[in-house]
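The first chain written gets the first letter, and so on, giving A, B and C; residue counts start at 1 in each chain.
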Amino acid sequence: MDETMVEIKQVTKSFDEGTAVNNLNLTIRAKEFITILGPSGCGKTTTLRMIAGFETPTSGEIWLSDKEVGRLEPYQRDVNTVFQSYSLFPHMTVFQNVAFGLKMKKMKKDQIATKVKEALALVQLESFADRSPKQLSGGQQQRVAIARAIVNDPKVLLLDEPLGALDLKLRKQMQLELKQLQQRLGITFVYVTHDQEEALTMSDRIVVMNKGEIEQLGTPQEIYEHPRTPFVASFIGEANVLSGSVQEVLVDHMIVSVGDMDVIANHNPDVKKGDEILFSIRPENVQFYESKATPFTVSTTLREIIYAGAIIKFICETPSGQRLIVQASGDRFSAVKEGDEMIIGWEAKHAIVLSA
Amino acid sequence: MKPIRNAYALLSPAIVWLTLFLVVPVALITVISFSTDGGYGLIIYEFSLDAYLQAFDPFYLQIIWQSIVWAFVSTVICLLVGYPFAYFIAHSGKWKNILLILVMIPFWSNLLIRLYAWVILLNNEGVINQLLLSIGIISEPITMLYTPFSIIVGMVYGFLPFMILPIYASIEQLDRRYLEAAEDLGAGPVSTFLRVTLPITMPGVIAGVFMTFIPAVSVFVITDLLTGNRLVMIGNVIRDAFVVEMNWQLGSALSILLMALVLLSVLIFTRFTSSRSKRVTR
Amino acid sequence: MKKFAFGTLFLGVAVLSACGNGGSSDSDVAGGEQELADELYFFNWGHNIDEQILADFEEEFGVEVIYDTYASNEEMLTQINSGAISYDIIIPTDYFIDRMIQMDLLAELNMENIPNFENIAEEFQDLEFDPENRYSVPYLYGSTGLAYNTEVFEEPPTSWEVLWDPEYAGKVTAHDTSRDFVSLALQRLGKSINDLDDASLEEAQGILGDLNDNVLKYTTQPAAELISGQTVASLAYSDQAGIAMAENDAIAYVLPEEDGGMLWMDNFAIPSNANSQYTAEVFINFMLGAEVSKMLTDYIPSSNPNAAARELMSEEELSNQASYPEIPDSSEYYVDPTQDETRAINRIWNEVRAQ
């Protein structure tokens, strides 16, 4: 399970316009579903294209299994790609599209037919073999693109924002299907997306990239619950990022002063008294209190109520002008209105210290 | 109802243009071809098949066939030269516009003048022979002018832009991601070209082939000049029927016959090349 | 009235058949005092006149000359047939005079208005294509003979045979006109260029294949290759020969003594639908004046049939072998072939080359 499939060693990729990927080190394990997540221009697609072979690293090495492939052509690599635009060949039938890679491998005709049928069955498109790609819906085209890639039994399947062009409902459904497919096939999936929810749903591990570098690597839970940097904290879900100075370090928590109020935060071994720190609290971890009796609560003024169906978001402002988002569910707070005084607070374990 | 009328309004300049310069002349030629010869270009408007009886002469058919062969050979060479050229232009980045202008520059001057330039180049005393002689590659001038070689040079030169431009347009529109997809699936440069680039740019190739072949079949200016009037093309026969024999009926009938044959070959060609895509849309 | 009738190509046909005889007698009857028109429509070959002459005429007679040009007799005929413009003067070549007379397209001339006709040398009067000059008056003439390189041929060739000689393969040229092409063979066979019966043509075709194998190219402008020495003998119009001779002293021109060569004559004629026949006749008379006629050949490299004009020429001008070669007895003018004959000639021309 811990066998290494792809290893990116000190890879830098520079274009005329600047550096897209800067000294990247990443180890991808066999059979894992890893997602490279980040905003556009963060270098995630460039990284994927370097693994595929469409781009050559300016420096550094890319290893696939036990072979350095950084300078090989795409057709010399044992990886396949599902493209964002599907890129199905318009002059071929669905069958011919899926058979293309096998034909290139000079596989026998009857064997090709069998494998193509299997692959189409995997994506539930057996009956569409003779259609032209133009006659398929976006979702169907995407499935053909997946079948066309997996039919080759690649060591690694690269997916470049494959669901980006689909509508929300279809996207959700395809997320599940892709995850199931990956588990069934046992192939390493490297998935690139800018959609943090998609990343959290599908991945074994997530690589968060920003400005050509890795911000954090970890399981979805680690990434979400313990963001290491302000960027990760705010890019994955919503977060209230506060800055303050450490007043006191206790066994399981710390006391931090933010402006003129004292609040608590999770213990962090690297932090000592007097340090200026950043920490984040997810909106759903902020709670309303009946009174100021509870220690380390803060009195705020409600500035805005945002209704979002199952949940409601409240924007609360501290006396010093700091705004925090509080998320709550149900109709417990149906009576409150803008301008009301709200007491807020959180458990220490939910206030995560970030590295600046 | 209204949108349709608007569409016609928008199309009307094109319709007028087509009517004036295509429908009317072809209709006139058709009418003349079935009229009675009044002698020396005079037309008697009585139905007659005489012109067609004259036109369906094995000799004329032989010349038409010969013209088709020359046009075919030139078209094939134009394709073999033009496709890589168009491909190169489409991939030449910032040089693209300059190269395109270079392709089109010849249109700025008269074909006849440009062909005289070739006469000067290919002559025994011409630039090419003088150059080869002076650097000692050859000891006697190579006869190039007034040979099949010069016919091909002239026709390819004259029609190459008509091949390059439509192919260029189709390569330019080719989505690079198809090529990446092919490479990704294990296709090397040759397979990618043969199985993806070429089939997807086929509409440009077909357009180029017709834009080259159709004028090449009826050409006579190029062949007259570069063969010293030694080659007889159907274009010569039609011209002579009009201006020397002053037999407009025969000239018209031969024109119609040639048009029909070209149309037929276009039909056969498109059937042939679209048979593959037919399968896709089954 | 006539102008209107010829206004369209289609009506032209009707008029032709309707007034088949004597559509040209109006001015003869009128006689007496006639007035010049304001304008004269003159349709001539391209590069065939010193336009100063037209300016002089305009000044002297106060008639504006509207001058258009054509590149072939056939083009001119098409224009006349179409009737788009009614020309007063046209310059058809010999055999075309014949054709247009037969098509009733020419007006009979009133020679009383053209007293200068007597300036035309006797040998150029009363030629076979227009006996008694009822419809035409000579303008300029020339010949079609052999231009050759004297370094190769010490003696002037006496026959077209040199064009067939394998020794000069690829070094000779002939005209790219079917009639001249076939005529070479006819004359070589000792026949008249106007012997166009099937047997004669078949015989001619029999020897033209060999000629075709021998020629470098077909052109009516052989001067450049003659001058450069690439060719040694060419069928050439006299004026083309003149150009080559001016550039290269080694080039000479001859009408081959045995075979004869061809003569051609461009002629003034008045279309039967002319606006003003009288003005046209005055113009022709003006053109036939000795001085004016000399001006013409000072400018154009053709030969002058005007004896009075020739008297004004220098010895040197008259000894120019291109303009005034010796004319063998066997030299001939073309007579208009029938349409079937034209087609047969054209077919030979195409068949020989297509072999």
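The rule we apply is simple: a residue touches a chain if its C-beta (ideal position, glycine included) is under 8 Å from a C-beta of that chain, and two chains touch if they have at least 3 such contacts.
Fair warning: this is a prediction, and the values are worked out from it, not measured in the lab.
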item	value
Innermost chain, taking as reference the mean of every protein Cα atom displayed	B
Most distant chain from chain C by Cα centroid	A
Distance from chain C to chain A - Cα centre to Cα centre, in angstrom	92
Mean-CA-position distance for chain B and chain A (Å)	56
Inter-chain centre distance, chain B versus chain C - centres from mean C-alpha coordinates, in Å	37
Sequence positions of chain C contacting 2 or more other chains	none
Chain C partner contacts - residues on chain B that touch it in the complex	37-45, 59, 62-63, 66, 123-125, 143, 146, 224, 227-232, 236-237, 240, 243-247
Chain B partner contacts - residues on chain C that touch it in the complex	9-10, 12-13, 16, 72, 74-75, 77-78, 81, 99, 103, 170, 173, 176-178, 212, 215-219, 228, 230, 339, 342-343, 346-347, 350-351, 353-354
Sites on chain B touched by chain A in the complex	175, 177-178, 180-188, 191, 195-196, 199-200, 202, 276-277, 279-282
Contact set on chain A toward chain B in their complex	52-54, 73-75, 79-81, 83, 85, 87-93, 100-101, 104-105, 130, 132, 135, 148-149, 152
